[in-house]
Structures are given as structure tokens and as C-alpha cells.
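The following blocks contain the structures, represented as C-alpha cells.
There are two complexes below, and they share chain A, which is joined by chain B in the first and by chain C in the second.
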Partner chain A sequence: MKTQNQKAWFFVLPVLLLVAFNALIPMMTVVNYSVQETFGNNIFFWEGVRWFEELLNSDRFHAALGRQFLFTGIILAIEIPLGIAIALAMPRSGPWVPVCLVLMALPMLIPWNVVGAMWNIFALPDIGLLGYFMNTTLGIDYDMTQNPFAAWATIITMDVWHWTSLVVLLSYAGLVSIPDAYYQAAKIDGASSWSVFRYIQLPKMKQVLTIAILLRFMDSFNIYTEVFVMTGGGPGNSTTFLSIDLVKIALGQFDLGPAAAMSLIYFAITLLVSWLFYTLMTKDDAK
Partner chain B sequence: MRKRNLIPIIYILFLMLPIYWLVAMSFKTTNEILSGFSLFPQTFTWDNYVTIFTDPSWYLTYVNSILYVSINTVISICVALPAAYAFSRYRFLGDKTLFFWLLTNRMAPAAVFVLPFFQLYSAVGLFDTHIAVALAHCLFNIPLAVWILEGFMSGVPKELDETAYVDGYSFPRFFTTIFLPSIKAGVGVAAFFCFMFSWVELLLAKNLTAVEAKPIAAAMTKTASSAGYELGLLAAAGTLTIIPGAIVVYFVRNYIAKGFALGRV
Partner chain C sequence: MTIALHNISKVVAGQTHIKPTSVVFETGHFNVLLGETGAGKTSLIKLMAGLDPMATGTIEIDGQDVTKLTTQKRNISLVHQFFVNYPHMTVFDNIASPLKVAGMAKSEIQGRVEEAADILQLRPMLHRRPHELSGGQQQRTALARAIAKESRAVFLDEPLANLDYKLREELREQLPELFAGRGAVVVYATSEPEEALLLGGATALMDDGNVVQFGPTAEIYRKPQTLMAAKVFSDPPINVAKVTKQGSTLTMGQSASWNAAKMKDAPDGTYHIAVRPHHVTPMPTPANTVALNGKVLVTELSGSESSAHFAMPDADWVSLAHGVHPYQVGEDHPFYLDPSACLLFAEDGQIVAGGGA
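Right, the complex of A and B next:
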């Protein structure tokens, strides 16, 4: 049982000040821009909700949002089951476990633009290993700078390569925490491996899977650097996800008002979906 | 060997392929790269690495990255420790709201913050300094560090605190000599995560720096575009960015699984 102690606020104060400096001031700047129009020189005009209305009715925003949800959906549908499957197949103990874990964590420790550059080099049609294999060995016409389907396939493969290990490591942490007694009981009952998974392993992994799904949702929904380096949002607009579009508007065209309005809506969607996931996945625990 | 061991092996091979290609490319001469496809470097060369280690505009960016990542890790852990202790041991007015609000900052798209951060840090005169990038990364790293440390601290029984007080320990002495050693795995894991997210993030780091504090990853993009495509050099710089992560992850290898579960298993 935790004790009631208001002095605990002093412990939290440094964190509060630092995060507030980084979060509240910029957020206020964004809110400020989102209701105004500017032509430079620090002259601003009140616009009210005009940018929000324009954005919510713009085809460009709808298209980027659609692509973003499609991308995140595909990512979750591939990485979560694949991650669980790999974690289930991993040995529970032995000298190879730390080696496996370190090797699997490696992709996550590479700077994101290096990941993009690495996959660019990997996919070059003439001299990249993947591009050469596809074009010369398999005879498939593959070039992600020309073909939208190839661009999508490469970006999805890149993300699976980059982040599936997160799901593996989380699921694995859940799996090793299951006491042997559970498996012995299941064996005595003659449970099939499917029912062991469904009634022992999956419930035990639920908490870590919640974290995995939340983190994978947030990060794939906010993806920017890798895609920017790999395709720059192209060919055409086919891989222009929300962050890429936002940076184009904010830093490319310097339309501060519309960019700020888009930032707020973007952030709100991320928060809302994360909250929905979280509530749905933890609602049984409350009972 | 059992058949199911094949799945992790195939997966790890898939992970290593693009990394192998990057490393192999870094040992090839520009001529060889441009002349066509080759699975192994035909004429093995260290030239690309020599260029990086002799040109200050290259190796200083590497130092810059390590500097701001270290500053960020130290700040994040130092402020997150007392906060995590408060969240794990006490109930206070608005604790749940505060905890959730901290976590929402982890969800913010970095793209949203690029321009306001640039203006904020320019306004306070910190633009293009290591401390600016370190502070900016605190936005993502402090909530994560608090979350992880809180998980590990909740695993330490509260009786430990009470026994120490009965034995006459003051709070600072108890915290540093008894409590910290008992959660040192948690501190290591939290530091690892701060290092990792600060090391891999580029969008904010690039836009908050110009010359003095430019990160290695930003130097890479610039040189790659200005000099046409020096793929060998690009690959060598990329390979060098993998090494710090590999070293750090080696130190926490035994706690990594628990760490990724944020101390919650």
C-alpha cells in the first residue's frame, strides 16, 4: 500500500520543469500558429478555425491519413504475430540466448537515417544485394524509385527488419516469466500446444503485448526519417505519410498556420488511437 | 539441433543481410562499387575509414553525437530517479494524471516539434549547442526513464525502505547506498534506452544544430548529396554509427529482455 505524501511533489518537480519546458512552450507555439496567418516579419492575422476547416476538407490530408493508417495496419498485422512466433521458437535458456538477444536488438540501435541509407544501398537495382537479386536472379523489374508497389514493399520490409525485434524481446520477456509448473500442469492435463499457447502463454504475455502494440502503433504512426531517406515520399506521393507531409508543409512551404493545425490534429489522432488501444486491451483487468 | 531453432536462425540471418551489405560496401573502392555487382570486396581497402578519421568535419561530428547523447543520458537518469521513486512509493495529488501526461509526450510525432523547438532554443540562445539537443531529447527520454525505473522500483519491497529508516539511515544515504544498488539493473536498462533513443533520433538533432554540434548522422546525409554519391564513404560512416550501440547493448545483454518489458514482468 502506498502512503499519501504530498511532499513527493518535490521529487517530481525536476522532471515536471524539464518536460514542461520542452512540451508546453512548443505546444503553445503550435496552438498560437494554428489560428493565425502570417506573411513573415512577425506580422500575424487572426484566422480562427479556418486552417482546421481547410485541412479537414482537403483531399491531400485525407490521402496522407489513409496511407498512414494502411501502413500502420500492415505493420501491426505483420510484426505482432511474427514477433510472437519467433519468441515462441527461441530457446528459454543456454549460452545462445544472450547472443540471440544482442543480435536481434542491433537493428534498433542504428540511427534511423542510417537505416534508410542502408536499405537504399541494399535495394539499388544494379549494385544492391536485394535489387540485384530481384532484377537479375528472379527477373522481376524492381526499382523503388519508379514503382510505388516496390516502394511500399521495400519500406514495409525495412520496418519489419527494423522493429520486429521489439515485439520478439517483449514477448520473450513475458514467456520466460512463466513458471515451469504451469507447463507441467498442462502436460498432465494432456493439453495440445495450441491450448498451451491460448490459455497459458498468451494471457501471460498480455501485459507486454499491450506495451508492444502501443509502442509499435506510436512509432509506425510517426515514421519519418527512414521513409524520407529511402523514397522522400515518392514515387509521386505514394509514400507520403503524415509526418513527411507535415514537414513538407512546415519547412518546405513554410505555411506555419496550416502546418500547426495539422500538427494538432495529428497529435490528437495519435493520442486518441493509443488511448483506445490501451482501454480495449486492459478493460478485462479492471473487472 | 531441433527444427524450431531454425526460425530464430533464419530471422537473425535476415537481420544481418542489410548490415553485411553496408559493411561490405564500406571496404570497397569507389571504382569497384561503380563498376558493378560483387558479393565480396574484390580489392579490400581501408581508404573510406581513413578519410573519416583524418577529416575533422567527419570525426568531430562523431564526437558531437557521443557528447549530446551522454549529456542527455545523465540528465534523464538524474531527474528520473527521484520522480520514479515518488511514483512507486507515494500517492499524491494528481499523480496518475501526471504519469499519463508524461507518457503522452512519448507519443508526440517529432515532426510536430521541429519548428517550435528551433524557435525556442534559438530564443534562449542555445541553438547549435550540445546541451540543446540533449535537452530536446529529454522530452522523449525522461518519460521513458521514469516509466522503466518505476517498474523496477516497484519490484523492490517497501520493507527495505522501512528497515533502513528504523536503522537510522537518512534518506539521501539510504537512497545512494542501499536503494540504488538494489535497482542497478534498472538504472542500466533505463540508461541504455536513453542512449538508444538519443542516438537513433535525427530529425530534432539535425534541426537544432548547424556546425558546432552537428551529429554524425546529419553529416552523412549532407556529404552524400553534395559529393554526388560516395557510397563507400557513406557506408563506412554508417558502419561506424552501429558500433556504439553494439557496445552498449553488450553491457546490458542479461537484462535486455526484462528491460524491453520496462521492468514489468
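Right, the complex of A and C next:
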């Protein structure tokens, strides 16, 4: 028979409290809003799942969700291979290593709203360096506030500039943890540099890449600040991603119920995709 | 088949790691690189494998100049001291990896891998991953890869150093058989003199990035050309002392002196003698006639052998004798050395007489 030791609960208690305050209680208030209609003076009416039903059937939500997946897909498709390529090209030892690492880390150190403001000014057609160059030197009609394609291209370029470094640094950490002996063994086997990448570097980077993809997925899926500063969701609704739309509903229209319902669905999608991806990537290791 | 090194050297940032070395390793027997840690064994192997750049010299494998060839094109195998297998591949894929890279047909790969696996008793483990194997099995996998590849040269860099005692003995016995008749030139690095003797073949003694002597193992053991060579090839360390020679009499310290007729042609003066621990015994025998006195410092009993470290004027000496001897640490104890087993070296370390005893 097992001895029960109830004292163990005391050790779990602090964590429970912490999780309660930073996750459970805020989350439950959102759940509370999501099933009610809210008026001033703290008057609430029970609405059940009405907001969820309306949202899931709304074209506006579908459009924002579509934009969000397209954006995240493009971001991952560019940043992951580019990050790996840069990490492979970085020196493995010598005086240039710290220089490269600091240069790589720089974009990530800049606050998100500053990044947005920087790129906003950078892209201005009349005085921005990029805008002026595109319009005057190259003669391309480039204006983020008029042209949806220009807005998308600029936001994607901004995100690649801002966050590819994260993939680079994680991949690089994976690469430098590979002992020289593996490279030597591969050389002795007569392996080409593609085989070395495919059979030694990629498998060794798998774990850090899983983390990199997860982080980049979650971050780009939840992108808000930079887009808010750069385009505010426009022109039209062309860059109204889920988070932008959510803030419009919650603070612009002050529809707290639908906004709360949307937050929960948004959260559920992020969680579900992350969980699916992580489970698939780590399935082999568990065997 | 041969590997011929002509004057090869390695210099890193102004420091010479391997001094110009010329040796010819041949097939048909083991070529042992014997030297302490840091003597340059691994460096020399890496030069031969093309993993490190050479400062000077050329390397020929079977008459073909491979100096400018990359490692990939040299057709060699290398087994490390620590076990290097690709962690995410099965044992089968690990053994097959060089064959796959070479673009060999699947059926042939299957045959070669199974043959190598049978020789190394890995057949039941072919579908496991390296981390599911014991250290001995992992190292056997690395050896199987070298065998399956059928390369021109096989470099074994202290392959048994990380295995436990029993496995080491077992594999050491098997190793010469594994590579016998395969035609490859086998170079085996070790820091244990005993291992060099057991593997036989030829031995290159290495010290401080230098091959100090090279030749058939037994001959190198009996006739070291320099005091350094004698020191490298002795475990426990060879006993060294200063002696004074006058006519045919050698005098060591105050008391010990003996007649060394075969050394009488050498000029009188100061020399070093070196004598292996098992030629110094705690009892007089017909051969061990010269009495020495020393204070016993440390004693060790290993199975049927007793060893004692005792203080001599120049350095501590070691005696190694069969049987169990009741030493008292701290007591003065007589020891007897075999004068015919003494090696006599000039002050510059070159052999003057002795050897072959």
C-alpha cells in the first residue's frame, strides 16, 4: 500500500497561486465577458454562446483569420530558411563570432513600437529613404497608405528584418553544439556538404528549430504593435490582422462580449496549432 | 599497400605541433603510434587523414600522392577514442553511411554491412540507435563502419581507451584478426606500452611531436636508440640513474659498482643507465647480482606481482617482481639489478651499449 503524504500539496501551492493570478483569473474574466452583453453601470445580460456563433459565422472574422494565416505562412517560409542559411554562413570560431552575434541581436533589442515608427518613416513616399528611393530612383509607385501590396511587402520586410535574427541565433546555438568529430566522421565517409547538412546539421538543429518555429508562429500570429503603428490595419482592411480587428471591436466599438469571445477563439487557435506542431515534431523522439 | 610520409610537419600559429616526420607504414601488420597524451599521435593521424593542413611535406598512399586530396577523396577510415556514431541513425545506417555516400548498390550495401556486423557480433543490434547500445557495442559499430568501407587506410585513435578493462582485452585480441588479410594499412595510436607489445607489428615511438624511433615492435622494445625512446616504451617508468664509467667498471652512487665488459670500448666518463623495473628484484638471483639499497616509499600488490618504489640518489626507482614480498614502507631494503639488462646512454641521450639482453 502506498503511503499518502499530504504535505506534498504545500510545495505545489505557490505555483498554483502564481498560475491563478497570471493566467486563470484574467482568463476567467474574459470567459465571463464572452457569455454576456455588457452595458454601462455594470449591467449584464446572459447571452450564452451567441457571440461565439456570430463570430464564427462572420465574414469579417474569416477575412481577418485568412490574412493572419497568410501573413504567418509567408513569415515562416521566409524567416526559417533564411535564418538557417545565415547561421550556416556565420563563423564557428574566431574574433568575428561576437561581432556577428551582436549585429544579429541588434534588431531584436529595439522596442516594437519603435520598429513600427522607424519603418513607417522609412517608407514615407516623400521623405522616407525607402519610399523616396522606390518612387524617384526606381520609378515604382510605392505608397503603403494607398497600395495594399506595398503595405504587405513592407510589413513582411519589417518582420523579416526584426525577427530572422531569432531563428539565426537559435540555429547557430544548435550548430555550434555539434562536436567536430561528427564533421570529421562525415568527411571520412566522403560526405558532400549537402549530406553533412541533411544528415548531421539538420537533425542536430531539429530541437532548436522546433522552438524557433513555435516562437515565430506565435509571435507573428499575434502581431499587433508594428502593424498598428505602420498601417493601422489599412489601406482599407488589407492589413487588418486578427489582433488589429480585435482591438477595433473591443476599444473602437466597445463591444466587450464579442471581443471577449474573439479573444478566446484567437487563443484557442494559437494553442491548437502550437500543440499540433509540437506534437508532430517531437513524436519521433518519444519512441 | 603503404602510407609514406615524407617530411610532414604541422605548425599552428607559429607553434610546431609535429616536427618534420618521415615514416613508411606498411600493410600486413599493425603500425602502432606509441606516446603519452600530447605526444602528437592524434595530430599525426589527422594529418594523414587530411583533417588538418600540413606545413610541409607530402603523403603517398600506395604510391599515389594524396597531399592535395581532401579527406573525402583519400578513401580512409578513422575510429576515435570516444564513440562517434550518427545518433539519429540505426546501427545499420551508421555502418552503411560511407557506402551510401559512395553511391553503392543497395544489395551490395546490405551484404557488406551484414558481413561487418557478423564479424563484430552486431547482427542483433542492427536496428537499434547508438544511444541504445553499450559503450563496447558503440565502438564496435564504429569499427564495423571502418571494416565495411574497405578503405585503403584505417586509423584507430586509442579506440579502446574508453572501454572497460574486460572489453578492452577482448577487443584488443580481436583487432589484429579483424583487419588481417584486408589489405588496408592499419595505424593504431595508444599511450600504453603493453598494448603496443600485445599488438606486435611495427611501432613508432612519439614524443613532443616527434617520431623518436620506428621499427618492428620487439626490436624497438629491446633496442631503444635514445633514453627518450626507452622512457616512452616502459610502463611502469624505466629506472634511470647516473653512472661513472672507468675502464670496464660502472659505479653508481657510492656503493654499487659492477663490471661491464661489453661496454669497455666506450670512453670513460659520466653516463645514464636505464633498467626496466622487472630487472630490479628484491632477492638476488643468478642474473640479478648488483646490490642496491633504498628506502621503500610505496608498495603495490597486483595479483601475483609486487612492486615497490624506493629512493635512489638521482630519482625514485621501481622494482617489479613475481610473488608476494613483505615490504615495510619506510624501511631500507636491498634490491638487486641485472647488469646485463642495463641500457647505457651517453649524456646527450644516445645509446652507447646494451639492449638485446
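Following the convention adopted for this analysis, the second predicted complex is superposed on the first by the 269 of 287 C-alpha atoms of A that agree within 3 Å, B and C clash if a C-alpha of one lies under 4 Å from a C-alpha of the other, contacts with A are read in each partner's own complex, and residues count from 1 in each chain.
Quick note on the criterion: a residue touches a chain if its C-beta (ideal position, glycine included) is under 8 Å from a C-beta of that chain, and two chains touch if they have at least 3 such contacts.
Note that the coordinates shown come from a computational prediction; the quantities given were computed from them, not determined experimentally.
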Does chain B (first) or chain C (second) touch A:Val30, or do both, or does neither? first
Contacts of A:Pro203 with chain B and chain C, given as first, second, both or neither: second
Looking at the overlay, does A:Ala64 come into contact with chain B only (first), chain C only (second), both, or neither? neither
Touch check for A:Gln184: first (chain B), second (chain C), both, or neither? second
Figure out whether A:Val12 sits in contact with chain B (first) or chain C (second), or with both, or with neither. first
Of the two partner chains, chain B (first) and chain C (second), which one does A:Ser195 touch, if any: first, second, both, or neither? second
Contacts for A:Ala150 in the overlay, against chain B (first) and chain C (second): which applies, first, second, both or neither? neither
Chain B and chain C contact sites that coincide on chain A, given as residue numbers: none
Contacts from chain B onto chain A in the complex sit at residues 4-8, 11-12, 14-19, 21-22, 25, 33-34, 36-37, 39, 75, 78-80, 82-83, 85-87, 89-93, 95, 98, 102, 104-117, 119-120, 135-136, 138-139, 142-143, 146, 196, 199-203, 216-217, 220-221, 224, 231, 234-235, 238, 241-242, 244-246, 248-250, 253-254, 256-258, 260-262, 264-265
Which part of chain A faces chain C closely enough to touch in the complex? 179, 181-182, 184-185, 187-192, 195, 199-200, 203
Quick one: which bits of chain C touch chain A in the complex? Just the residue numbers, please. 49-51, 70-73, 75-78, 80, 82, 84, 86-89, 97-98, 101-102, 145, 149
What residues of chain A sit close enough to touch chain B in their complex? 2-9, 11-12, 14-16, 18-19, 21-23, 25-27, 29-30, 85-86, 89-91, 98, 100-114, 117-119, 121-122, 126-130, 132, 136, 161, 164-166, 168-170, 172-174, 176-177, 207-208, 211, 218, 221-222, 224-225, 229, 242-243, 246-247, 250-251, 256, 259, 263, 266-267, 270-271, 274
